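What follows is a set of structures for review.
Next come two complexes built around chain A: one with chain B, the other with chain C.
Our next item is the complex of A and B:
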């Protein structure tokens, strides 16, 4: 509901008015450097991590510790890779002046609304990715001792549900910030 | 087809749909249509992830109900504001 509320608010503001309160354009126009290549890369990374998570869940149900650890390791690596790309994208945004009181934002004051939504939503999403990585790492660490337990497979399934939820949120953030 | 193979096929499908949605965004479809197409692709991908990767297809009533309530709440919020936004009158 946190993401749902934010996304609907963003949608309403973006399509409710093309200008901000002072009459300046509030949303990016064509040619705006939105980082589509980096965002597409990140989308593919998250989808890949969802796939490796599915394989880890299946391995845990078969009590196959080796396969579980391998695929959970891939999932953690892909989560970290997602964060690295996102940090790179933030650095590029800041380099281009997409932050409060920069000369670029002083010249385009309406874009503050878009940039605020961008950083809040992608920031919250990134926080969820960090939590997911930590959760997955704890499960991977405990696997050698607990893989035989049915309760462990259930815990891995819950972690999988959370990780897929993080993926689903990104599936909607991606078009709303980069494709439209 | 076992679950491992099926998830691999689904993964390839999700990658394909992602690339098609990026291509479609470059077609200059106009504001309303571009949003509709982009969100349709997103909803399709979310359905595939939810139904198969999250196993909602075989889940019990409680997990399925929790997801349905969440999705419905967001949809009511979204469709409730469409008249104010005037999206389809632009």
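Our next item is the complex of A and C:
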């Protein structure tokens, strides 16, 4: 619902009346470094990580420590890779002056709102990815000792649900910021 | 050995100041304060004892049992301890915000400015507001929800005991930073923090926003936990229509908390980012919208009044059958009404915004949905009156407060109609009429119900009986003082006196003096309450397991209940309100 609040605001400001009221171009069109290639790569990375997560959850149900650790490792690696690409994308935006109160944005005040949403929403999503990576890492670290207990399998399943949720949020963010 | 909470707070404050002055070298004061606060919370938790609890969670170890008074100041996962912690925190806040109200009424006793600037008045008013809102949000749900719900459904503890401890532990930093906001420029936006007033100005406003956001997290953790507990851990045989009505009301509240609170978090974060990172969500010159804040805010804050009032209804209907020795009248209908209110509470928020300049076509639908809520609320009234009807009523202090809820909320509910109707609201909006209406619903409803609950469960929690005479004095003075304070405000409000203003026209002088004196009567009644509680905790006569002859599961245990509640899991065969029928 946190993301829900942000997304509703996004739609309200994108298609609501207030943006038109100032008469400035509100959403970037020409010359905006979309970073579509980077974002598409990231989408593929996250979706693959969901697959490896499923494999890890299945392995934990069978108490198979080796497979679990391997696929959990893949998931963590893909999560980190996602973050690296994301940082690269931020660097690209900042390099082109797309951040609040930059000289370029002061000259085009209407663009602020798009860039606000872009950084806050993807930033919050990135924060969730970081939390997910930490959580997964804790589980992977504890696996050799605790793989046999059913409580551990349950914890892995919760972590899996969380990871898929993070993935689903990205599936919403991707079209909003890169496609439409 | 210093208790965990004290240790944690000291470490938290030190690390906050350390982070703040380190970051200040590079960043603005706003940004350093925000980052330092976020960074100090883990330190506070880890030093306070949350770190050990987290390690035990990872390694699937049991929590050790702690005895003695120090457990109330430690990171303790026992739901009974957390409940008591919540209650004490609520009373602390209640006292703090009450003092603020007294300061306001002293200022308003005479026309003109007596001893404070309008700016200070706004801060005092805002801290009274947010303080009391937090009390109303946490006292019943956090206090009795934690203490009583697992007992009433026959569970050993909450579903996630450590998360439960965490949800309480997020409150002290919120309170601390809220109090420190008063000394850092204050906040002049009431408890609502409307943008763009909140996106500019002293750092005290940022502290307010951080406090609000922290307590929101606490609320969400508590809500999720209660919901899972009630769904998963009920005693055998406790089907949907055999759940005590108080548990139903807490479950309904938890649904509202879980859905709505994160939406207000998004709006608070947006304001914080507007301040700290120069985003432009609420800056129309840079593409933002100020109405957006009000929509997001009220999408939470209207359901929030149901977070306050639903548990009060539940408590009311829990107490009345016990003291009128009759089954709860129309129990299934009352339960359904609770859940209908949950649904409706999400589609009424814009009735706070009739004068905000939002899209005019929205007025009418929100008028209709708002008035629809009076139907399930009316059923609550019928259930409570039907329960009292021809009962063998015992007028103990809990009964008095419960009956007080009915009387007050009737006035609160009826005056709400004028605020739901667009034409009268345009006149009454932002006047003291709104203040009076709100206090009649929340003080008259939630706070009265809270006191009913305190007196009702005091023997169970403390293992001692309170003093009945002092309890009655508390009720009499509180009820009189409360009505004498707020009924005149309807009049001043309809005559156009605006709320949140430190001054008033001289011709209203005598009435304002009357209101101020009555407000101090409330203060005296609360002092009597505190005296009664402290005295009874130390010297009250010992209570038996079931002093009220009630039938819910918590009364089958000793007073206070043993550490792991039930020796063998209880079974339930009937509703808990089968009074007057042969078993």
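By definition in this document, the second predicted complex is superposed on the first by the 173 of 180 C-alpha atoms of A that agree within 3 Å, B and C clash if a C-alpha of one lies under 4 Å from a C-alpha of the other, contacts with A are read in each partner's own complex, and residues count from 1 in each chain.
What we mean here is this: contacts are C-beta pairs under 8 Å (C-beta built on N, C-alpha and C of every residue); 3 or more make two chains touch, one makes a residue touch a chain.
Fair warning: this is a prediction, and the values are worked out from it, not measured in the lab.
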First, second, both or neither for A:161, with chain B first and chain C second: first
Touched partner set for A:107, first chain B, second chain C, both or neither: neither
Which of chain B and chain C A:84 touches, first, second, both or neither: neither
Touched partner set for A:5, first chain B, second chain C, both or neither: both
Partner chain(s) touched by A:179 [first = chain B, second = chain C, both, neither]: first
Which superposed partner A:94 touches (first chain B, second chain C, both, neither): neither
Partner chain(s) touched by A:149 [first = chain B, second = chain C, both, neither]: second
Partner chain in contact with A:119 - chain B first, chain C second, else both or neither: second
Touching both chain B and chain C, residues of chain A: 1, 4-5, 8, 12, 16
Interface residues, chain A side, partner chain B - complex: 1, 4-5, 7-8, 11-12, 15-16, 36, 40, 43-44, 47-48, 50-51, 53-55, 58, 160-161, 164-165, 167-168, 171-172, 174-176, 178-180
Residues on chain A engaged by chain C in the complex (per definition of touch): 1-6, 8-9, 12-13, 16, 18-19, 21-22, 24, 26, 100-101, 109-116, 119-120, 124, 138, 142, 146, 149, 151-152
Contact footprint of chain A on chain B as seen in their complex: 3-4, 7-8, 10-11, 14-15, 18-19, 21-22, 25, 31, 34-35, 38-39, 41-42, 45-46, 49-50, 53-54, 63, 70, 73-74, 77-78, 81, 84-87, 90
Chain A contact footprint on chain C (complex, rising order): 58-60, 258-267, 269-270, 273, 277-281, 283-289, 291-292, 295-296, 299
